[in-house]
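Chain lettering (A, B and C) follows the sequence in which the chains are written, and residue indices restart at 1 in each chain.
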Amino acid sequence: MADRILKSINTRGLKNAVRGSEYKKEALISYGILIGGYILLQLGAMTGLIGRNLQGQFVPICVYVSLAISLNLVVGISGELSLGHAGFMAVGAFTGAVVVRVLENGIGFAPLRLLIALLISAAMAALAGLIIGLPILGLRGDYLAIVTLAFGEIIKNFMNVIYFALDENGHLKFAFNHEIEGISNAGRVLTGPIGATGVTKIATFTYAAILTAFTLFVVLNIKNSKQGRAIMAIRDNRIAGESIGLNVKKYKLMAFVVSASLAGMAGCMFGQNFSTLAPAKFNFNTSVLILVFVVLGGIGNIWGGMIAAALLTILPEALRQFSDYRMLAYSIVLIGVMIATYNPTIKSRISAFWNKVNPFKNKDKDKGKKPKKTGKEAA
Amino acid sequence: MADKDKREKMPGASETGHTYENRQEIYYNDNVGGRAVFVDAKEQYDPDEPYNEQVYLPEKDRDKEPILQVNGLGIDFGGLTAVDNFNLTLGRTEIGGLIGPNGAGKTTIFNMLTKVYEPTRGEIIFNGKSTKGMNTVDINKAGMARTFQNIRLFDKLTVEENIKVALHHTTDYSLIDGMLHTPKYKHEEFRIRKEAMKYLKIFGMTKTADYRAGSLPYGAQRRLEIMRALATKPKLLLLDEPAAGMNPSETSELMETIREIRDRFQIAIFLIEHDMNLVMNICEGIVVLNYGRVIAKGWPEDIQSNPKVIEAYLGKDRGKEKKKKAKEEDIEAALAKGKLESAPSGKPDEGRKEAQ
Amino acid sequence: MNLLNSLISGLSLGSVYAIIALGYTMVYGISKMLNFAHGDVIMVGGYISFIMSMYVGMNGWLALLVAMGACTVLGIVIERLAYRPLRGTGSLAVLITAIGVSYFLQNMALLIWGANPRVFPSILKGKGPYRFAGGELIISAESILTIVAIVVIMVVLTMFVNKTKAGKAMRAVSEDNGAAQLMGINVNQSISLTFAIGSALAAVAGVLMCSAYPVLMPTTGAMPGIKAFTAAVFGGIGSIPGAMIGGLILGVIEIFAKSYISTELSDAIVFACLIIVLLVRPTGLLGKKISEKV
């Protein structure tokens, strides 16, 4: 009697139910895009189809793709609006700049230097994420958004008053809010508002692509783990999450800190791609730019965010010939795409049109839909 | 087996107007439920001298410590007393019912039990320990799980994932394992997948495993919510209006399910419900709440005939002929809907006389 | 005396923030969206007033009126074209659109008026500064004007919202959009009106700000916009008196931080104060408590 199976539910209602997201499919598409994109860009550069200017954008493209992936962990998977992602990027970039410079004499092998710098940047950014996240993750919705914005600005401000330099003996010197005396220009590492100087660029397209792959690996794995499920459950229904014993703050913090450390690594890579880098680069606009990638790609859709990040990093470069008009065009495209993808009327028209012209359409699905349509028309 | 036959013979919700007597028979013959022993439930409730709760345990649970003991529980919302002096004792494998008109404070009691609200007064002793200082998460870890009046599922997760989330505390791997998908992760994931499937099989929902919870039909969502609560391995399951929005056949299916859950998992269940057919059929002890106070307690048949309960549900002013007639029509209407099934089983007249 | 000077310039700056914050808070109250383009409406107001007084040769006050009118139209058009199609689709989509609008306005201004900073002629040219206490206490005419302006705006706005039919409709819509619609309130009209008022106030703020700090560029509005937004949250977003208190406090904190702690870190200090306030009162100084029904 104990094994008696209860009557199964009425399965007729399931016709309208939606299949869940399939992790394997998502992973396949995401890695596919990354590998395909890498090969395509490498080929383009080798054959000379891609010009010098765009080739200079290869590392930033990878960095922004990583940032879009890591921000998706907070915005899409954890469901919290963050407007300060560039702050963590800044922590990583400047930590990386200092670490690489300090190691320059000790470790000759550049990739190893970069790897150590990436790890330390990740740790520092995670620490920043922890310090920021711990007090604020109890806040809700737009209040959390404004606090992340505030923290992003605070981090940028602090970077403006931090001075690091190497003296003649190779010792690292630090000063807060004032210049370091008696240092030659070559010895400067971080110089307040001027930022990182004298960086020997060690980031390459391949390293950056490997970092992006790592970021993707971590985020996709988390999404399909006990921790990721808990984070998404809390996003969907906080109260129900608490009722089954999920520690809301712990999981929100987990998403935030992991995302911050991944952003720190991306920032470190970004910093190693430019000979000078000012803190002003990591302002509110950069945070917003990363958020735009995530939202345009479809919130929570990892590969959508990747494509949006790549396209929107290339687009301003590609529109360079329109010079003055390019940012104007960019803003109009942004508004237009947002309205087209989120307005319910336009969205349904587009999907209806797509159903008509889609050559890959599933015949079974079509059969299922037809009687429903006629039913609606009759009504 | 004889028991099982009896249960299946039990008349369905509204097909045959089964009477008070034959239900009594079922309870007498139910070796799982057992007859609860009450002192004198027809005695009027007196707030100054509450009943001695201990004696309200069903016989089968009397030799064990009660799963839940609530003494003098009360909560105020800014000067307004929502619930006052609520007392309850629930046996280890008892199915208890909490009924009362809308706004009586039933869900508030659930919220206090699960610490969504911190009670202003009184104590809750769950599984022998006071829940003072615990929060919602601790309460669940201690072994109390609940469902919600307005279904709260993790809509964008699949059915299977909804259950896996609830298995969270028994899933043993760290964030690093989760990030890198180590062998430990794979082993544990395999195990909890099997376990989640076990729950789905018990509830006959294996087919739905891959569907998003938010897109399931209503009845399946309610079922999933119960399943999710069960997956946290509770000792006490709180169900907030499990039959709301269900049709009679779904409701009678649900009654089966609830009893099955109790038998299979050997846990206590405490439920809020407006469907009197369900409450009177499966609950062993019933508490009636009105305006935040307990107005009656007891065995289903006692509740049905309790004048205070009838007054709470049907109103007080019965002296006037016109209203009396109207109320009779109300009862008939309620009967037709299958609600308040046995209300006019001779006893309500007592209430009327008293009011006159 | 130094302290008093700082306090007055802080109040003056805070008044500008408060006027901008009013626009943020009213729009947030009624449509639950963070209108990041609001700061750029200030910049547009500043430019229009600048053009009117410098090239058309209008009186400063008349130019202000023209700027207010132009910004009102701009606000309504932005709402109609960019925000209304996305109403009810979640705050993130609208937020990104607002950022798009912000980019659009900045780049439009860049195309029309160029990147070079313009020196804005003060609306109170030739008046002040007034000296008190033997010349130690210096108050500029602009400071007085901004402080007077915020008091007048506050009084008028409070009366409008509490006494007039349109104001009551606005409050009803911000309380419960759907219920207001069922009561026969024209929600679209109420929202348009809110954007109109907010944008007109932005024009006032633009002219006052540029009079006090006479540099006008396409990005002029961006930072004050963010600061005013911070002020609105500080005071409790959605609350009109909250926006004023938040703006004033923030302005004073900023000036004090600048003159007594560090110019570079003044913004960081302002934002840190916001965070501390939100940690103590999660919905700002005068914000309503959010409670979720279980």
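Operating definition for what follows: contacts are C-beta pairs under 8 Å (C-beta built on N, C-alpha and C of every residue); 3 or more make two chains touch, one makes a residue touch a chain.
Everything numeric in this text was worked out from a predicted model, so none of it was measured.
> Out of every possible chain pairing, name the one holding the most C-beta contact pairs.
Maximum number of inter-chain contact pairs occurs for A-B.
> Need the most distant chain from chain A, centre defined as the mean of C-alpha atoms.
Following the centroid criterion, the farthest chain would be B.
> Centre to centre, by mean C-alpha position, how many angstrom separate chain B and chain C?
Measuring from centre to centre gives 53 Å for this pair.
> Please work out the Cα centroid separation of chain A and chain C, and write it as a whole number of Å.
Computed from C-alpha means, the inter-chain centre distance equals 31 Å.
> Between chain A and chain B, what is the gap in Å from one C-alpha centre to the other?
Centre-to-centre distance between chain A and chain B: 46 Å.
> Can you list every residue of chain C that touches 2 or more other chains, as numbers and ranges?
As it turns out, chain C has residues touching two or more other chains at 294.
> Provide the list of chain A residues touching at least two other chains, using ranges where the numbers run on.
In chain A, the residues touching two or more other chains are 239.
> Check each residue of chain B and list the ones that touch at least two other chains.
Correct list: 116, 148.
> Any idea which chain A residues touch chain C in the complex?
Contacts found on chain A: 75, 81, 135-136, 138-143, 145-147, 149-151, 153-154, 157-158, 160-161, 177, 192-193, 239, 284, 288, 291-292, 295-296, 299, 324-325, 327-328, 330-332, 334-335, 338-339, 341-344, 346.
> Flag every residue of chain B that touches chain A in the complex, lowest number first.
Listed in rising order, the residues are 1, 4, 114, 116, 135-137, 140-141, 145-146, 148, 152-162, 164-166, 168-169, 171, 173, 175, 177-181, 185, 188-189, 201-205, 207-208, 210-212, 214-220, 223, 228-229, 231-232, 250, 253, 256-257, 260, 263-264.
> Within their complex, state which residues of chain A touch chain B.
Checking each residue of chain A against chain B gives 1-2, 4-11, 13-14, 16-21, 218, 221-222, 225-230, 232-233, 235-237, 239-248, 254, 258.
> Taking the complex as given, what residues does chain C use to touch chain A?
The touching residues are 28, 34, 82, 85-86, 89-93, 95-97, 99-104, 106-108, 110-111, 226, 229-230, 233, 237, 262, 264-265, 267-268, 271-272, 274-275, 278-279, 282-284, 290, 292, 294.
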